[in-house]
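Next up: the structures, one after another.
Each of the two complexes below includes chain A, the first together with chain B, the second together with chain C.
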Partner chain A sequence: MFVEELKRVFRRPRNLIILGLIALVPILLGVVVRFASHGGSHGGGPAFFAEITQNAVFLPLAALASMETLILPLAASIIAGDSVAGDAANGSLRYLLVRRVPRARIIHAKIVAALVYTLALSLMIAVIGLVAGAILFPHHQVVTLSGVSISFLHGVGEALLAAVVVGASIFSVTMVGIAVSTFTSSSLAATSIAVTVAIASEVLDAIPQLEKIRPILLSNYWSSFINIFRSPILAGPIYKDLLEQLGWMAVFYLLAVFNFSQRDITS
Partner chain B sequence: MARWKYRFGIPLVGAAVALGAASLTPALTNAQTPLLGPMSASQLIAAVMGAAPVQYSGQLQITSNILGSDASLLSSVGQSVALPEGTSQLMVYRGAGPNLRLQEVNAQSERDLYVNSAGAWLWDSAGSKASHFVASSTTQSKTLSQGVNPTVMADNLVTQLSPTSQLTVGSNVYVAGHAAYTLSLVPRQTGSSISSVRISVDAKNYHVLGVSVYSVYSSTPVLQMGYQSITFASPSSSNFSFTPPVGASVNTVTASQLKSMFQPMTSPTKPVTLGTSWQAVVELPKGSLTKVSSSLGSKALSDLETPVTLANGGTASLIHTELVNMLVLPNGSILAGAVRSSVLESDAGALGF
Partner chain C sequence: MSAAIIEADGLTKRFGGQTAVDEVTFSVNEGAVFGFLGPNGAGKTTTIRIVLGLIFADAGGFSLLGEQKSSRLHRVLPRVGAFIEGPGYVPYLSARQNLDRFLAAEGIRRSGRPKLIADALEAVGLEMVVDKPVGRYSLGMRQRLGIAQALLGERDLYILDEPTNGLDPSGMREVRRLIGELAAQGKTVFISTHLLAEAEQICSHVAFMSQGRLVKSGALDELRNDYPQQLKILGTPVARIMEFIGSQARLDGSAVIADLTPKEGPRLLHAMIADGIEIAEFTWLTPSLEEIFIAEVGEGFDVR
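On to the complex of A and B.
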C-alpha cells in the first residue's frame, strides 16, 4: 500500500513536471549569476546570494533560500491537496474502499507519500544545485559565516543537511494540505487553502506588532537552515523549527486521520 | 452526530494541547522561585567580586526598548540607526585564560570576535573582512581577585552607594535554568528615569547571568541583557582559534595603532556635568547631535522632538526616550541624562534659561 502510493505519486506526469520545473531553478540561477553577474553589489536578496560565485556549495543554498518562501510550499500543497481529494474526484477512492483496505492504512500511505515527495523536492534542489554549482563555480574549501574554512566535502554534506531541514520545514504545509484534502473532492480547493495558510503565516510573521504570536507561526523558523553554516552549528533555531513543524503536523495529522476514517465517502 | 466529535473534537483537543504547550513551556521554566540561602547585598557583591573565573558557553540576548512606542517611527530608517533598539543574539564562549569567542548572530550574517593568547581577530561575514589585533607581550591584564580582598571592596562599594541607592537582594529567580539571586538597585533620589536596576547572579559560582534596567515610563525592562542558556563547562578549543579564509581582506592592527585609534574618543574638553549620582546630567556642546541626526535622517529626529517652554520664556525642544531625555537649549547646547524632563528643565533654569 505504502509502496503503491509512493509509486503513484512519483509516476504521475504532473508531479514529475513539477519536479522537473523546480529542478530548472537552481540551474537557471547558476547560469544567470555566472554569465550575467555585474559584481560589486553586495547585500540584499535572499541568503547566500552574494556568495554564489565563490563556491559551488552556495548555489543550492541560495536556491533553497529563494524557493523556501513560495515555490516549495506551493509544490508541496499541490501534491498534498490532491492526495485524497484527487482520488475522491476521479472515483478511485471508492475502489480502494471496496477492496476493503482499512481507511487508516489509506490515509497513512497518502501522508507518507506526500511527506516523502516534499523531502524529495528540497533534496533534488540541493543535488541539482550542487551539480550545476560544481560545473559553473570553483569547488575548493567552503567558508562558513563564522569565517572558518571547512573541506568541500564537508560543505556538500552540510548543503544536503540544509536540504533535509528545508524539506522538513515544509512538512506542516504538506500536512495542512492533506487534512483539507480529506474534506473535499476538489484538489484545487485543498491546494489553495494550504498555500493560503503558508502565505498568511508569512504575512503575519512580517508584522512587528504581532511579535507575540510569532513563535506559533509555521513559517517563523523557515530560514533556520542558515544556522548550519556557522561554526559550530547553531542547533537551537533548527530544533525550534522542527518542533514547530511537529506541533502543526500533530494537529493536522489528527484532523486528517479522524476526518478520513469517520467521514461518509460519497464520491 | 457522534462522529463529529471524533472528526473535529480530537484534532481540536490536539490543537489546544499544542497551543498550551507552546505558550506555557517558556513561562513555567522561569516562573518558579528557587530556595536559596539568605544573603545580604554586600555578601552577594563580595561573592561576585571574589568568584573564580569560570569557563562556559551560553547564548546572551540583549534587548533594548529605549525608544518605546517611538520605535515604529524609526523602523523605516533601517540598520543605520545609531540608537540601539530591538533584540540581538550573542553566543559567548569563555575558555581558560584569555580565550574568548563572541559570535553576533544575525539573520544572514555573523560578526565574530576570537581572542586567544596570540591576539584577537574580528570577523565580519558581510564582505568577508577580518581584522587582526596582535597581542603585545608587555601588557598583561590583571584579574580583579588578585591581591584585593573582595569583602572589603564590596563593603566600600555598598557604603559609597547607600546614600543614593537602596541596595537589596530581591526574590530569587531562575535564569536560563540556573537558580539565581537578584541584586536590585533602586534610586533614593527622585527625578531619575531609572526606576530600578536588577542584576541576577548565579547561586553556584556567582557569575552574573543578567542585567535589567527598568524605566519609570514602562513596566517592561528598557534594557535587558541576559543568558537564554548557559553551560558551565569548558568549550571546545576550536572556538578560540581563527585563520582568515582564503580571499578575505585582512587588516592587521598593532597595539600602538589600537591605542591611537581610541585617542580621538577621549575628547580634550571634558563635558560639564550637572547634578550627582542618579540625577547626573551632561551638558554637551552645540552640534553634538548632528552625527546622530544625519544617520537617522533629519526628519526622524525631529519626529521625536517636542517643544518645551523654559523658566525664562525661551523654547527648548525635548527628545524623549524611555531611558534618556535630552533637552536642546535655545543656544544649541544639549542637556542629556537618564532623568525625567523636569530635572533637565530645572538644570536649564540653573544655567540661566
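On to the complex of A and C.
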C-alpha cells in the first residue's frame, strides 16, 4: 500500500511540476549570484546567502534557508492536504476500503508517503544545489561559521544533513495537513489550513510579547539547521527542533488516525 | 433454504437531524439477483455503505457473508466485488494503473494482476483504452471502468449501486448481460437502481425503499402473486361472466377485465366452465414492477 501511495504522489503531474519548480530555485539562485555584477556578498538575504560565492556547499544551504519559511511548507501542505481528501473526492478511497484494505493501513501509508515527499523536497534542493554550486563556485575546503576549515566532502555531508533537518522541520506542517485532510473531501481546504497554521506560527514567532509561547510554536527552531555548520556541530537547537516536531506530529498523528478510523466515508 | 449472504436487521443511520436509513431489515440469499429499488434519496446507497463498512450504523446490525462486525469485514471483503455510487479513480492514472493500484492494495501478487485487469477491462469493452489517463474518459467509459473494478477477480457476491447510470442503451444492455452471466454462474448479485423496468428484467428478488424505510421485500414472483392482478376473459355470454365476477369486473370492449389474485383464478375458471360459459381467452395481465412499486410505495416519486 505504501508503494502504491508513493506512486500516486510521484506520478501526479502537479506534484512533479512542484518538484521541478523547486529544483529550479537553487540553480537560479546560483546563476544570479554568480553572474550578477557584484556577487552576493552584501550581508543581506537569507542565511548563508553572503557565503555562496565562497564555496559550492553554501548554495544548497542558502536555497534551503530561503525556501524553508514559505515554499517548503506550502509544497508539503499541498501533498498532505491531498493525501486523504484527494482520494475521498475522486472516490477511490471507498474502493480501497472495500478491497479489504484496513483503514489503519491506508492512513499510515499516506502519512509515510507524505513525509517521504517532504524529505525528498529538501534533499532534492540540497543535491541540485550542490551540483549547481560545484559548477558555478569553488569547491575546495569549507570554512564553517566557527572559522574552522573542513574538507569539501565533509562540507557536502553536512549540507545533506542540513537538508534532512530542514525536511524533518517541515514534518509538523505535513502532519497537520494530513490530519485536516481526514476531515474533508476538499484538498484545497486541508492545504489552506495547514499553510495557515505554518504562517500563523511564523507570525506569532516574530512577536516579542509572545516570547513565552515561542518554544511550542512549530516554526520556532526552523533555522536550527544553521548550527550544523559550526565546529563542532551545535546540536542543542537541532534536538529541540526535532523534539518539537515530534510533539506536533504526535498530536496530529493521533488526530488523523483516530478520526480516519471513526469517520463515515460518504464520498 | 439457501444461506443468507447479506442480512440487515433494523439498520438505522442519521445524518445531523435527518434519518437517512430507518430500521431497514432484509435478507439476501445465495444465488439471488436482489434488486434494491427506490427513488433517488431513498437510503439505498447509505444502506450499501453500511453493509460494506464505509459508514457506521447508529442502530441495528448486519451480516455480510457471515461476518457481523464492521472492524472484521476485511476477512470477507475479498469475496465481494462492489460498485458504489459511481466510479472512483485517480484521474491522472490510466485504467490499467488504477486497477493495478486496487489489486496491489488488496495484496494480489504483481504477476497475477495483468490477467485479472485484462479480463475485467475486456468484460466492459475498455481493452482499447487501457493506457489512457482516466481523466480523459467519457462519462460512460468511466462508468464502465467502475464496473470493471467491481468485476476484478473471482467474487461470490457483487454489490452494484446504480451500475447503469450514465450508460447509453447498448451499455445498459451489456450490464444486464453481465449480471445475467454472473447469476448463471451462481453468484449473488445485489443491485440498487431507480430504474424499475431494468430491475424487472434481471431481478429474482426485490426490496422497495422509500424515505429511508424498507416498504416491502420478497421474491418478485411472490410479490406479483400477492398483488391483485388483472384477468382478461373473452367468452360468451359476457353478461354471465360479469355476474360471476361481480363488482370487481368491468368491460373493456368485448373483454371482461377483473381485479383478482392469481389464487382465485383456477376456481373461477372451473365454475364458469361448469356453468356452461364458453371461454375463448383467460389471461393474466401481469402487473409491471412499476405498478407494484407505485401501489406499495405510493405515487409521486421519481421512479423512472
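Here is the rule we use: the second predicted complex is superposed on the first by the 263 of 267 C-alpha atoms of A that agree within 3 Å, B and C clash if a C-alpha of one lies under 4 Å from a C-alpha of the other, contacts with A are read in each partner's own complex, and residues count from 1 in each chain.
Note that in this section a contact is a pair of C-beta atoms (placed from the backbone, for glycine too) under 8 Å apart; a residue touches a chain by one contact, two chains touch by 3 or more.
Values in this document were obtained by computation on a predicted structure and should not be read as measured data.
Chain B and chain C, once both complexes are superposed via chain A, fit side by side. In the superposed model, A:F258 makes contact with chain B only, not with chain C.
Of the two partner chains placed around the shared chain by superposition, neither chain B nor chain C is touched by A:A134.
In the superposition on chain A, A:P208 makes contact with chain B only, while chain C stays out of contact range. Once the two structures are superposed, chain B and chain C can be ranked by residues of chain A touched, with B on top. In the superposed model, A:R230 lies in contact with chain B only, and not with chain C.
Touch criterion met: A:G247 reaches chain B, while chain C stays clear of it.
Once the two complexes are overlaid on the shared chain, A:L96 sits against chain C while remaining clear of chain B.
Look at A:R11: by the touch rule set out above, it reaches chain C but stays clear of chain B.
Panel annotation: after superposition on the shared chain A, the angle at the CA centre of chain A between chain B and chain C (CA centres) reads 140 degrees, nearest 10. Superposition on the common chain places the nearest Cα atoms of chain B and chain C 9 Å from each other. Overlap of the chain B and chain C contact sets on chain A: residues 262. Against chain B, the residues of chain A that register as touching in their complex are 42-43, 47-48, 54, 140-141, 143, 145-149, 179, 208, 215-216, 223, 226-227, 230-232, 234, 236, 247-248, 250-252, 254-255, 258-259, 261-263. Contacts from chain C toward chain A in the complex involve residues 15, 49, 52-56, 73-75, 77-78, 80, 82, 84-93, 97-98, 101-107, 149.
Taken in their complex, chain A has these residues touching chain C: 1, 3-4, 7-8, 11-13, 87, 90-102, 262, 264-266.
For chain B in complex with chain A, the touching residues are 3, 6-8, 10-11, 14-15, 18-19, 21-23, 59, 72, 75, 91, 103, 105, 107-110, 112, 121, 123, 125-128, 130, 229, 236, 238-239, 242-248.
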